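Letters A, B and C mark the chains as written, and numbering starts fresh at 1 in each.
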Amino acid sequence: MAEPVAAPILAVEGLQKRFGGLTALGGIDLAVGKGEVIGIIGANGAGKTTFVNIVTGYLKPSDGRITVNGIDVTGLPPRVMTRRGICRSFQMSQLFASLTCLENLVLAHAAAENGGWKLLADPWTADRLARAEEGLARFGIADYRDARTATLPQGVRKLLDVVLAVAARPHLLLLDEPTSGIASDQRFQIMDVIMGQMAECGVTVLFVEHDMDLVERYARRVLAFLDGRIAADGSVAEVFGHDEVRRAIVGDHRATRRPMGPGQ
Amino acid sequence: MPMPRSTGWLIVIVFGGVALGGLGLPAWMISVGLSAMSQGIVVLGLVVLMRAGLISFGQGLYFGLGGYAVGVLSLEFGITDAFLRVIAAALAAAAVGLLLGCLLRRYRGIFFAMLSLAFSMIFYGLLVKNQNLGSTDGFRVLASTFAGRPPTGGANQLWLFLFACLLSAVCALAVHRYFRSTLGWLATAIRDNETRVEYLGCSVNAAVHLKLVLCSALAGIGGALSAMTVGHIDPAITYWTTSGELVFVAILGGAGSVFAPFLGALVFQVVHTLALAMLPHAWHVILGGVLLASILFMPDGLWSAIARRRERSHG
Amino acid sequence: MAISLTILMDGLIYAAWLFVVALGMTLIFGVMRILNVAHGSFYAFGAYTMATLLNLITGAGLPFAYGFLAIPLAALAVGGGLGTMMETGVLRWLHGRDEVAAALATFALFLILEDMVPLIWGLDAIPTYQIYGVLGTTDIGGMIFNNYELSFILLAIVVGAITWWGLRHTRQGKIVLAVIHDPEAAQAFGINVRRVFPTVFAIGGVLGALAGAYSAPMITVYPGIGVEAVILAFAVVVIGGLGSVPGAMIGALAVGLARAVAVHLLPQVELFVIYSVMTLVLLFRPSGLFAKPVARRI
């Protein structure tokens, strides 16, 4: 199991979520340290997205407490969480379909920087334009600068979704399946870009991922979701070797690729 | 991409030109122009909403509020100054917009449209029942004075025309400025994807509320101008068919430019004048027919500017 | 005592009226996800058709009983005819289009139909009192009530019971209930949701027209009754929660009783009371009493 975290950036206690009769999350306890990179795995319907939705305030928990840097944030809406430096990307990318990539990003910067009366200012400052161009370039999607996002290929959409999420300069970033829908030969490249950028800025990252190779490669710590609870929490080796997790999620992934682990 | 700054100058030139042209126009064209400008200002407000994907079936409420504010101001306080009238109308309408916005801001689509309609019909009901305000007959609105200058019969309409040009230019400039602001851009963003807007750190409901106040104020100004033009107000200006006409102009004009509402209103007023002469009782049948046809046969037509372009969901 | 009895009975009569108008609207919304702004036209055309029939009947010297036969006739003709025309002519073509498109289309239809009323029937009110008095009166606790008005309560109960029974015990009704409850799940179970659209729309239309036809002898039939009906129905339906049949009933009772209290105790605030009930409910329950708010799944 994971070692106790001294001053967690994110702490979750007894988090529950019920949809009518269905229990999507049945008591999650978790402490995330500053700068950690955590992979979240779990079968379809295990509650991973629900967890991300609740932590970022999109859904209200049925029970439990969420604290960020020791401050209770349970039930606060997404816009407040964003202003406090907790951002996310989406399993299904959430973009402004009728705007171009550049417009999406400039608007994201402007919205993040302009609260209150400053919303009446023109978003198109030279500085913001330069930063947006640079942001697109850093993630390797500068070629799509003037394409309306409705016309983008899937991989670019997913990347832009992440770019928009980091526009607000988060301390804590939650990525919901950043590589789903992307050809497997491009996944490492895309994750390299994202994780490299985040590591540079010391951002704490939680990423939901179905591709175990990616989890193995980027996560220092793994949470395995099983039917709305965390079945295992620890290093990659610990979690991938966990019996229940092996049976339900990872399968023989490790056994076939690296024949070592508990019991062998 | 940022909108061209030159549009601002274009607004000044166009309305300046219209004002100059007004000096040589016959009286009936002056009065059509006045009606078009009052309606255009109201529709400008609807366009502010439309950009965010919202449509109101009850804009007659704020339009009527503007008109009644002008009427009550002269009836109760003897104030007939055009500038004061417009300011009072804008404030009254904005205040009601602010209040009703507390409820309306949570709704979108047909709910928003119908709740607006319901509120406008309450106002209509109140006016009809109010004997002090002349019930269904309404009452006469005194001619406007301009900065202390007393009204002078025929020339007054010309003064009003110049005033309307000024007012239209100011409103168009303000809305143009707003379109270019972050808030203005957020309208498109809200129409496309509210979830993302919230995750960018902005309150969608607060933004909608603000748009609502802006569009109510514009409707109030238009209503004031209309009351000053017609010289009479009655509850019919708040009836739902008035709102229907406004929606009609907004849809056919489109949300593309600040000139569209004025052009649309001008065409509307001309056709209205002709149609009333030829088919006095079938006016709304024609209106509804054209609206329906444009929805059915031009799915990508002008009106679709307000349709929500939701992010397609990929796996 | 007497006043509270009057308030109760008036409230029930008004609630019955509201329920029948609102039921059609909420059914159509529940199934088709279209809020039919032109629902008011069903009501208006129903009332006007009834008025015409009544005048024909009395003009021909036929007995009053025929007047009662005219009610279902007007309802079926208007609801079926107009409803089918609207569904096949307009709404069917908007399937899959933006929600705003459907809203605007029904609004445009309403503009057309409301202006056709004076074109067909003229601008003056039409007399419709002929069968109002023939049922006599009833003495309840010393208060005299007109039996025709009381019979509206009976109508609402019968209509409500038939709807309830139809939804629970017929194949189509079960489909409708499934669709109202969860359109996606219904689709997933292989129910062709669109198959029931024309029927539901026609039934909704008949209910709207029935309310109009039945009301005709009690009200003044003049241009503008359509918009009044649709706005009141909307208020009732949002109080209950759009698409909810029990919601429409509770909403109608709430509005009906609140209005009756206002009419008898503080007539100046009648209009306010109706919409205050609506506003109050929406402030605390934005989706109405019986509908749950659903967050978009992301």
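To be clear about the criterion, contacts are C-beta pairs under 8 Å (C-beta built on N, C-alpha and C of every residue); 3 or more make two chains touch, one makes a residue touch a chain.
Just so we're clear, the structure is a prediction, and the values are computed from it rather than from any experiment.
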item	value
Chain pair with the higher count of C-beta pairs in contact (A-B, A-C)	A-B
Chain separated most widely from chain A, comparing mean CA positions	C
Centrality ranking, top chain (CA atoms only)	B
Chain centre separation in whole Å, for chain C relative to chain B (CA means)	32
Centre distance in Å when chain A and chain C are each reduced to the mean of their C-alpha atoms	49
Where chain A and chain B are represented by their mean Cα positions, the distance between them in whole Å	44
Residues of chain B engaged with two or more neighbouring chains	195
Touching two or more other chains - residues of chain C	298
Multi-partner residues of chain A (each touching 2 or more other chains)	58, 90, 92, 94
Residues of chain B that touch chain C when the two form their complex	53, 55, 57, 103, 106-107, 109-111, 113-115, 117-119, 121-122, 125-126, 129, 195, 240-241, 244, 247, 251, 281-285, 287-289, 291-292, 295-296, 299, 303-304, 306-308
Footprint of chain A on chain C - complex, ascending	295, 298
Interfacial residue positions of chain A with respect to chain B in the complex	56, 58, 77-79, 82-83, 87-88, 90, 92-100, 103, 107-108, 110-112, 114-115, 118-124, 149-150, 154, 157, 164-165, 167-168, 180-181
Chain C-facing residues of chain A, complex	49, 53, 58-59, 90-92, 94
Residues of chain C that touch chain B when the two form their complex	35, 37, 90, 93-94, 97-105, 107-112, 114-116, 118-119, 227-228, 231, 234-235, 238, 242, 271-272, 275, 278-279, 282-283, 286, 296, 298
